[in-house]
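The following pair of complexes shares a single chain, subunit A, combined with subunit B in the former and subunit C in the latter.
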Partner chain A sequence: MIATTLSERRVRSRGSLIGLAVIAAAGLFLPFATADQPFLLMLASHALIAAILALSLDMLTGNTGLLSFGHAAWYGFGAYVAGLLSKSVSSDIAVLVLLTLAATLLVSGAIGAILVRQVGKTFAILTLALSQIMFALVFVFSDITGGEDGLQGIPIATFFGAQIVSPTVWYAILLGALLLALAGALHIRRAPLGRAWLAIRENSERARFIGMNVALLKLISYMISASLASLAGVLFVLFNGATSPDLLHWLESGKVLMYVVLGGVGTLFGPVIGAVVFTLAEHYVSSFTDAWLIYFGALFVLIVIVAPGGLFGGAARLATRLSARKPGRRAAQ
Partner chain B sequence: MNAVLRYENLSAFYGASQILHGLSFEVPAASVVCLLGLNGMGKTTTLRATMGLVDRTEGRIMLNGRELAGPTFRRAQMGVTLVPEDRKVFANLTVEENLEVARRPTGSGQDFTIAEAVKIFPRLGERMDQKAGTMSGGEQQMLVVARAMLANPAYMMLDEPTEGLSPSYVGAIAQSIEEARNRGIGVILVEQSIPLALSVGDAFHVVENGQITRSLARDEALADREGLERMLTVE
Partner chain C sequence: MILEVNELTKHFGGLKAVNGVNLRVKQGSIHSIIGPNGAGKTTLFNLITGSIPPMSGTVLFDGQDITGWPPERLARGGVARTFQRTSIFMDLPVLENVALAIRSREGRSASLWQSHQHEDEAADEARDILASVGLRGREDAKAGMLSHGYQRALDIAIGLALKPRLILMDEPLAGMSRGDRETIAALITMLRETMGLTIIVVEHDVGMVMRLSDRITVMQHGTVIADAPPDEIRGNEAVRQAYLHGSFAQ
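Moving on, here comes the complex of A and B:
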């Protein structure tokens, strides 16, 4: 039986590899398909940033069950820190990523140590409060952050002295970052750390009974999640050349939550798909009607009621049902 | 020093209510100590106090000469674990994931393994890829006992592990308790079923109104089986 289990595990692992390969192939194909439509490549680049952001929230909510209503706080934090550093320290993308992630780990560790001791609604409300505090800080320190106008005049990012200007190169960087983040998230999910998080999500008291330091494990999840959101922020500000307080607003946090719920909480692939679908739909639907948010709200309600597992969860359930119906498969079993 | 879990004049409180009134007893390694008594007498509170889950305690719990104190996870890391009455598996994890997540290697080479758990509970082996929450109550109980043993505790506390289970499952639970004892684990068993308690117990304490009112060795308990059963019958 253990052998069967190992084989099942290999199948699951192969499924993840196939999923990564599909995303990589689709991502690599896109620049060729959009060669004469640069706007589409730009839109796809924004979708990739949104996907990294969605994955970051799933690393928290999907793994430990901690629901954040203010996840954009770390997205905006990353964007502002990287933006300020690029104007004062270095424009090298590697340096900016490393310095910003170090700052994020430090700050999210200090804040998270207080937050993760709260559960449920209290945690969610505190995360919302955190994002609004960060939003307010942009205006308090407007001489540094640019206030309502946002942080403008970000130097063009470089990599070992070479300027990164080509939209295709930017797209490749964003796709690579997403694939790396997703591969890392999948690896952690299967590692003892990921299993421990899932146990905590299921029942934190029982997890304590078998010796898990629940607060520490939640803090690790929070810091990793914040760092990934911050990475999305770094990439956004360097790609976009500017940032604004909107990145920290609770509406942005709501959008990230919608990516995750739409795709499927806890599925890792789902939120990535949810973010891409949302970003594309947002663009196209909003070009037809100003009331696009109403339609999205209705879709959100529908997904929560009809398919609580989101798009990915629903598709996976459908695939399982179809494969169970195949007569050959049953006979083989 | 002999390995022992010792309760020294333990009192426990929920808010202003005192539930335990100076309990003292000990659980040697590789032994099964049964706490018997009617519902509401303080047996479960004794176990919860051991894990640091009551509002306040007085007295001490000593584990191999060190005071058992601190948050629940720290006590578990010191070597005690609790299988509560309400089971609660990690419902959305598979059986195998439930077992893997509980493994706490000691590096002694004597660690309890998943293969050994499957030997005691073959049903778990057949359900390895099944979501734990979809199993029957008896299977879930097997899983939580196996999960507790995989943490390689020095002491394991079982709170009415056979409540509502069919005889075949009760036999498997009894076997797991024997296995734990054979491995040197001390077991505290809170049980309403006198037949199970007598089949595995080495020492017996009757708990009434938060106090131990009677302590019996195995021979004495076997000789007074009817008296014990009468005591657990609500009139």
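Moving on, here comes the complex of A and C:
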């Protein structure tokens, strides 16, 4: 009996490791393929930031079942806080990441404590309201934030005094951040915390009646998710050298939600793939036609109806169907 | 007495759902609460298990005042419940359903790391509990794939994983086939015999309750109209009157 658990555990962790390795290999290979096309490397860098953002939302919506319509709030929060700090405190990337994450934990903890007591639609609507408030704050304090013009003139990020300018180095930093975040997310999902989140997503009433502090567990999920989104914002503003209120717009929140649905809610790998596919497709399709959003809307509807599991879920289902005759499956009948 | 309910009251607007109810439950007994529809059984159940707060009155568990405790605190304090509409984690494996409750009991729900030894110990304990409710060999199935009877048994197994001293079951036989009802009834008796659990059952199936219970409390219109061993309840005139319009014959 114990042997089954052990082998299952190995299979599951092997699957995650293979997934991580594939993403790492693909990511490392890319700079060589794009050596003579610097633009592609930049596009890929933006895709990596989008992937971190998508992962952050999946840790909330996919793991714990809390739907956020305003996740860009934390993306923009991270970008503006890091941008302002880099102009006033330090341009060191490590310092900026740490300070911004501390600020995010503080603010998301306070806001989350109110949010997680709401359920379902109320929670989703309040997240939307929160992002709109943050959006409005940029204009209220436009003398600090630059208002509609955005926050400009961010100094070049440094690391222990050395300036980070090479696109390849930036790309490596972003890839490293994504792989770390993904490895962390995969680890948490297998740890008791991640499994408690799944239980809450499945049946939060029952979770309470087995003694779980559901509000606290939801809050932890919210804070981790907000922090990861904020990290994506920090990386964006330092990579990009500027940020605009667009980052906080509800359209941005909608896009993140699309990454997650496109890739497969709750699969962690799926949203990462969804974000990359979306970012590349957005670039190429929008160069053909201005109406690209219409095509994406149609694709979104199609995926929700035809493949509710998204790209990753669909692929996984296909793989299961192909291996359906293997003996291990029969135990589930 | 493991549970003492004193003058418990809850009104919903003008409806006196539970009105000054007193209840004494003996340690290690199977104590059933019956009554016609709308008698206030479910409200009483929800008041005791922390789903809703009472307007007045007290609930003592083993001498400790647990009135108005929220469910998660009760669960950690040794009071478990099962649900009328089976409440399990449908999309998770059967074993994980029980392991979640074990980790929660040990205060490890929020932990970021667990050793293989911990995980194996929890899995072994979960397997033992599942075997005791007749779910041996189904550990790896998704809970949602089980039959109704097995899902009900899993619901009970999740409750048992909390190592409770008192378990409250809300209509454990409702919606079951005849065969499943016998299985669950046998399981309830077994829990009392082998684990010394105190079990409170709210039930519609009066015939089964008569066979199962050590003591029966009969409610009507939010109050207790009888409280006695099954034999005395059978001959009680007030109970006959309360059930005159139907369900006693079932």
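Going forward, the second predicted complex is superposed on the first by the 323 of 333 C-alpha atoms of A that agree within 3 Å, B and C clash if a C-alpha of one lies under 4 Å from a C-alpha of the other, contacts with A are read in each partner's own complex, and residues count from 1 in each chain.
Just so we're on the same page, a residue touches a chain if its C-beta (ideal position, glycine included) is under 8 Å from a C-beta of that chain, and two chains touch if they have at least 3 such contacts.
Everything numeric in this text was worked out from a predicted model, so none of it was measured.
S.K.: With everything superposed onto subunit A, say whether subunit B and subunit C fit together or clash.
M.R.: clash
S.K.: Which of the two, subunit B or subunit C, is in touch with more residues of subunit A?
M.R.: Of subunit B and subunit C, the partner in contact with more residues of subunit A is C.
S.K.: With both complexes superposed on chain A, which partner does A:Arg195 reach: first (subunit B), second (subunit C), both or neither?
M.R.: both
S.K.: In the superposed arrangement, which partner chain does A:Ala124 touch: subunit B (first), subunit C (second), both, or neither?
M.R.: neither
S.K.: Check the residue A:Ile220 against both partner chains and state whether it touches subunit B (first), subunit C (second), both, or neither.
M.R.: Only subunit C is touched by A:Ile220; subunit B is not.
S.K.: Would you please give the residues of subunit A that touch subunit B in one complex and also touch subunit C in the other complex?
M.R.: 1-2, 4-5, 192, 195-196, 198-199, 202-203, 205-214
S.K.: For the complex, give me every residue of subunit C touching subunit A.
M.R.: 49, 70-73, 75-76, 80-81, 83, 87-92, 96, 99-101, 103-105, 108-114, 116, 119-120, 123-124, 127, 140-142, 145, 158, 161-162
S.K.: Please name which positions on subunit B make contact with subunit A in the complex.
M.R.: Interface residues on subunit B, with respect to subunit A: 51, 71-73, 76-77, 81-84, 88, 90-93, 96-98, 100-102, 104, 114-115, 118, 125-126, 128-129, 144, 147-148, 150-151.
S.K.: State the interface residues of subunit A toward subunit B in the complex, per the touch definition above.
M.R.: Against subunit B, subunit A makes touches at 1-2, 4-5, 8, 192, 195-196, 198-199, 201-203, 205-214.
S.K.: Over in the complex, which subunit A residues touch subunit C? Could you list them?
M.R.: Touching subunit C: residues 1-2, 4-6, 9, 187-188, 191-193, 195-196, 198-199, 202-203, 205-214, 216-217, 220, 331-333 of subunit A.
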